[in-house]
Structures are given as structure tokens and as C-alpha cells.
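Each remark here refers to the structure printed beneath this line.
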Amino acid sequence: MSLVKQVMDEVNQVMGLIDESQLASAEQLIQKDKRIFVLGAGRSGLMAKGFAMRLMHIGYTVYAVGETITPSIQAGDVLVAVSGSGKTGSILEVVEKAKADGVKVVAVTSNAESPLGKLGDTTVVVPGATKAGDGVKSIQLLSTLFDQSVHITLDILCLMLSRRDHVSNDTAKATHSNLE
Amino acid sequence: MSLVKQVMDEVNQVMGLIDESQLASAEQLIQKDKRIFVLGAGRSGLMAKGFAMRLMHIGYTVYAVGETITPSIQAGDVLVAVSGSGKTGSILEVVEKAKADGVKVVAVTSNAESPLGKLGDTTVVVPGATKAGDGVKSIQLLSTLFDQSVHITLDILCLMLSRRDHVSNDTAKATHSNLE
Amino acid sequence: MSLVKQVMDEVNQVMGLIDESQLASAEQLIQKDKRIFVLGAGRSGLMAKGFAMRLMHIGYTVYAVGETITPSIQAGDVLVAVSGSGKTGSILEVVEKAKADGVKVVAVTSNAESPLGKLGDTTVVVPGATKAGDGVKSIQLLSTLFDQSVHITLDILCLMLSRRDHVSNDTAKATHSNLE
Amino acid sequence: MSLVKQVMDEVNQVMGLIDESQLASAEQLIQKDKRIFVLGAGRSGLMAKGFAMRLMHIGYTVYAVGETITPSIQAGDVLVAVSGSGKTGSILEVVEKAKADGVKVVAVTSNAESPLGKLGDTTVVVPGATKAGDGVKSIQLLSTLFDQSVHITLDILCLMLSRRDHVSNDTAKATHSNLE
């Protein structure tokens, strides 16, 4: 079997385990009158940024934690935190602090029973293999399968949001950076 | 049909069109005694960075253009450039300049006939829908389908490289940032 | 003479040549009802980001070109572009495009007669030594003296803005990222 | 007195308090056969990145914590950590972990008695005003005076290193990114 086929079998298996009702709960927390912050380390951080960029395109006020113009997070804000294992120390500290301050948390992790999974006001479980060995088994390195599945899952959430908000492709295009 | 199913049908369709011989050509250009530079704008840039991070994990000398410690690029280096449309101005300028300086180029684009597609010493075609309307049609916004498919495609290239180089998951784990 | 003293002599010399009326012109373009974009390559880019971060602290809507959530730039926006030589290709292209689209440009450069210097609706000249050999001579490497002087100059502009806007240190502190 | 003059009086006052013997100690830790990691949050992080970029130009193997291709830190590496207050939580955790792993730490802070100041194998004290109210008093916002003085101090360290290593301006120029 080709390598492409083997990898896609893994991705399809994980995506078949996504619970769309969890996405619907996340969708309810993400509103245009809220400020959305995204957070993740390593490749999970890149996935979080890809999600933030698309949220910007469809009209949300969104910030990536660690970037230049990210302000202080406050009660009433929403924090989307991504960690495959759900145990990344630097992520958990930010989430715990934010939660104590009255921030709503959308946790995205492979493991609902992990510390991050338990901290989420809403938790989206993406059961791809991670560095920590959770989730669907994979021939790919480290948390590759988790990253791939999180990417697609957060894009599906964007699609749900853009439909709810009646944002067309042309509207999104007009907001897309024109300085490339 | 569920949204997850609809999106996965799109991703499966694009991935079914990936030509593994193009990946094999890219694999030949990426060698441990070369310096690899990655380049992309917007979400393509995030995918390029995810690829660079994994190349670092499996032992390559790799730089993301635009980051702090990225040195000058020189003859003999390899540049992996990602652009859905293959027409992103800022990407094309860097690629043209690098090529003139003797750098080998791996082009990753939805369109083999685009300017970027033609500039590649090797071109990997990932025919997902882009902002410019190329490739497999999609219900998703902008170049989402391209981003998803590029992500998986570059991960497959990493898997090929790690197997060629006999890098185990444990070795990759030891190189993974331990400051998270 | 100690190295600290030699370097400070250079910085004092450059700062003595700053024309505060140019800062006053820049101050007039930067208003709370405008969106401010900052742009720079390499170390100039880091200085531009430091400026953006402080503008955020004192209440401006500001974006760093190239970061995740930076939207398209539009007529009526303000672009602050930093380049020591005033000739950095990637910077000039963005500035020219933005200007053609009706964006106001604050140019920050060592050389008023450079391409960037001429493109500015307002130009702030910081005549520190650059890679291109412009400005006050320096024992320091490359454009170090320009970077140092730009840093202080843009901070002085922030001080002018915070006084004009009656932003106190405590207000700025409340907006400062609390996720560190 | 002009605003430029008032600000420069502050910077000169802080720089007059720099102890060049502390820079000489830092210089001894930074060697070409070591890997250097830099770390800082917010504007301190930008200063750390500016330092890293210049170290790259003069021939060091250097990484900015949090960027794409930064590998795991190991015994024998050197970590340069910048925090005005010396109390930034996310910085302290990384420093403590690294130190426990056998990494040598260069601490850069306004306060020698702060937690970071005490953790340094070598500590460079830059007594500019910070958010926490340490150091020389300032009319400028937050830790602006610290940022300015750290910038110049780390550049002086680069100058010392480039002289020790006999790196000319032309050599540094050849390593500077040519993709701008």
C-alpha cells in the first residue's frame, strides 16, 4: 500500500472519531463580540495560529499568545488551547491562570482525561497519536497524526462559524493579508 | 452527510492525486549535508514552518525564512517554497533571486504551470483548492483544502526522509524542544 | 576610553541629530481611529515590533506585517516602515503598493534621499550608521547604531503619543500581556 | 529641555552603571563551540532576538527559544535569559529547568537580587526602570528604559565578541540574510 494511502487511512480513522457535538459546543463559545486568544507549543502552536488566521479572515477579533500585539487576557475572553498530550507545562500554566481570571477555555487535545482536557469549559477531543503515545496508533513520527487531525478539525470549526455568520469566500478574501 | 465526512472527501480526493514520484524527487534534493530553507506566506508559511520543525527533529540543518537566526542563503543550499496559487509575489522574488544564486528549489504548489511551479528544480503538485480557484473544488474557504493537503504531503515527505535516514521516533523525540 | 563610553558617544551623536519636528509630524498621522501597521526586515523589523507592542499598550489598533492575525491594509490605514538604508527591496514593494492603495506612510530611515525616505508622507531621519554605510560613522557592526537610535527614537514617539492621549503608566500596565 | 535630551539623560545614566567586568564574564561563557539559546518575554524577547541575530552574523550557533527550528537544550549549552524584573514566571521556569539539566545561564536583569539575577552563572545588571519599578527612575512607560539599555548593552557584548573572534564588518555582512 502506498505511503499516501497508509497515512490517509490514519487521518480518516481519527477524523471518524471526531464528535461534531463537541465542535458545536466550541462554536457556541466563539462569538464576534468576544476576543479569542489561541495558544499552543511547537507544531500545535502552528495549528493554533492557522486557526487564528482563518478566524481573522472571517471577521473575529483574535490574538495568538506570544505575538507582538497580543494584549492582556481578561474575564469574558475565550482561550483556545491546543496540546496533544494535554500535559504541556507552559500551556497548562497559562490556561490555569486564564481560567482563574474568568476566561472561557476551549481545550483541544487527544485525551479528554488529561489535565488540559479537564480544564476546558468545552473540550474537543482529536484522538490522533501524540508524542505521549495517546490516541490512534500511527506509523508517523511524534505527534504528526494529531497535528494533521487538529488542523482539519479546526478548519471544520471555521467552516461552521463562517456558515453561521454568513461569511462568503469573497468577504474572507477581502480581509486576507494583501501584503504578500 | 456530516461536515467531517464532506471535508475528508475533499482531502482524500486531493491526496489521491499526489504523485509519489514527485515526493521521491524532492527527497533526493533534501540531504543532511545541505542547508534547507523553507518559505511561505500566510497559512502556507505555517505549513512550511511545520515541515521545518519536523526536519529539525529528524536531524536536518533547516531555517525558516524571516525568523531571527536565518543566515544568508548560498549556492548549494536547498529552498522549499510553498504557494497555493504559485503566484505570490513576495515568494517568487525570493525564489528567483535564490535560483539565480545557485540554490536548488523544491516548489510546492497547486498548479504545475504557475510561475512557482515552473521555477522548481523539483515541483510537488498538491491540487487542493486555493484562493486563486485552482485545483479540486471545495466547500471550504480560501485555500483551506490546499493547506490541509500540503500539511499531510510534507509530513509524508518527512516520513520518507526519516525512513531513508533510519531516524527512530525516540531519536526525533530527543531533539524535540524541551522548553515547552 | 571604555567601550560603553565609545558606543554611548555614537548614540548621543545620532540622537542629537534627531529633528523633533519630524516626530511631531509622525505623531499627527498616528491616531486612535486609524489602524497602524508596522514593517521592517531583520533587526529593523524587531524595532518595528517593539514600537507596535508599545502602541498596543497605550491603546492603539496596531498590526505587525507578517504576523498571524494581520489583516489586509486599506486606504486610510497608516504604515510605519523602517529601513536603515531605505533601499530594502521587500520593504519598498510593500510601501509602494500600500501608498498606491491610499495608505499613509511614516518612513523611518537613515537617509532622507533614499527611496523609502522619498516615499514617506512623513519621514523620520535617524542618521545612524547602516550596512549601506550611511549616517554617523560607528565602530559597531553593520546597522547596529541605526537600530539603537531607531529604538530610542520610536520610544520617544510613544512617549509623545502617551502624553497627548493622557495614558498613564498604570493604564499601559493593564494592557500589557499578562500571559508571561 | 527637549524630550530627546531627557530620554538620553536617562539612557546615559543607566549605561554609566554598566559593569564591564560582568560583560567580560558573559563573553567568556559565549564560545563558538557552544550552542547559545536566547530567551525573553515581550519587549525583552525582542531584545534577546536582536542579540541572537547579531550572534548569528558573527558566526555563532544560536537559537531563539520559541522559534520554529529551536532544538532541545542540553548540558553544555548556554542560555541567555532577559527579564527586567527578573521575576517573569515563564522565563524562570525555563531557566530553572535548563540549569538543572547542566546548561550555563547568562542572566540579564535590572536587579541582581531577583530570582533570575540569582540563577545566573553570570549576571549582567542593567539597572534601567522596569514595570516592577526597579532601577533608575524614568519618565518613560513601563520597562522602556530597561529595554533601551539592554539593547545597547547586548550590542556592546557583540562588539566585544566580534573583536575577540576577529570578525570584520564584511564577514558579518556576508552572513546577514540576503532574502530581504
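Note that the chains take the letters A, B, C and D in the order they are written out, and that residue 1 is the start of every chain.
The rule is simple: a contact is a pair of C-beta atoms (placed from the backbone, for glycine too) under 8 Å apart; a residue touches a chain by one contact, two chains touch by 3 or more.
Predicted model, so just to flag it, every value in this text is computed and none were measured.
Comparing chain pairs A-D and A-B by the number of C-beta pairs in contact, the larger count belongs to A-B.
A repeat of the B-D interface exists among B-C, A-C or C-D; more than half of the contact pairs are identical by residue number at A-C.
Inter-chain spacing, taken between the CA centroids of chain A and chain B, is 21 Å. Chain A and chain C have centres, each the mean of its CA atoms, that are 34 Å apart.
Within chain D, residues 49, 53, 66, 89-90, 176-177 each touch two or more of the remaining chains.
Those residues of chain D that touch chain A in the complex are listed here as 66, 89-90, 93.
Contact residues on chain C toward chain D in their complex (touch as defined above): 2-4, 7-8, 11-12, 15-16, 18, 20, 41-43, 46-47, 49-50, 53-54, 57-58, 88-91, 131, 139-142, 144, 147-148, 151-152, 155-156, 158-160, 162, 167, 169, 172-173, 176-177, 180. Residues 39, 49, 52-53, 56, 62-73, 94, 97-98, 101, 174-179 of chain B touch chain D in their complex.
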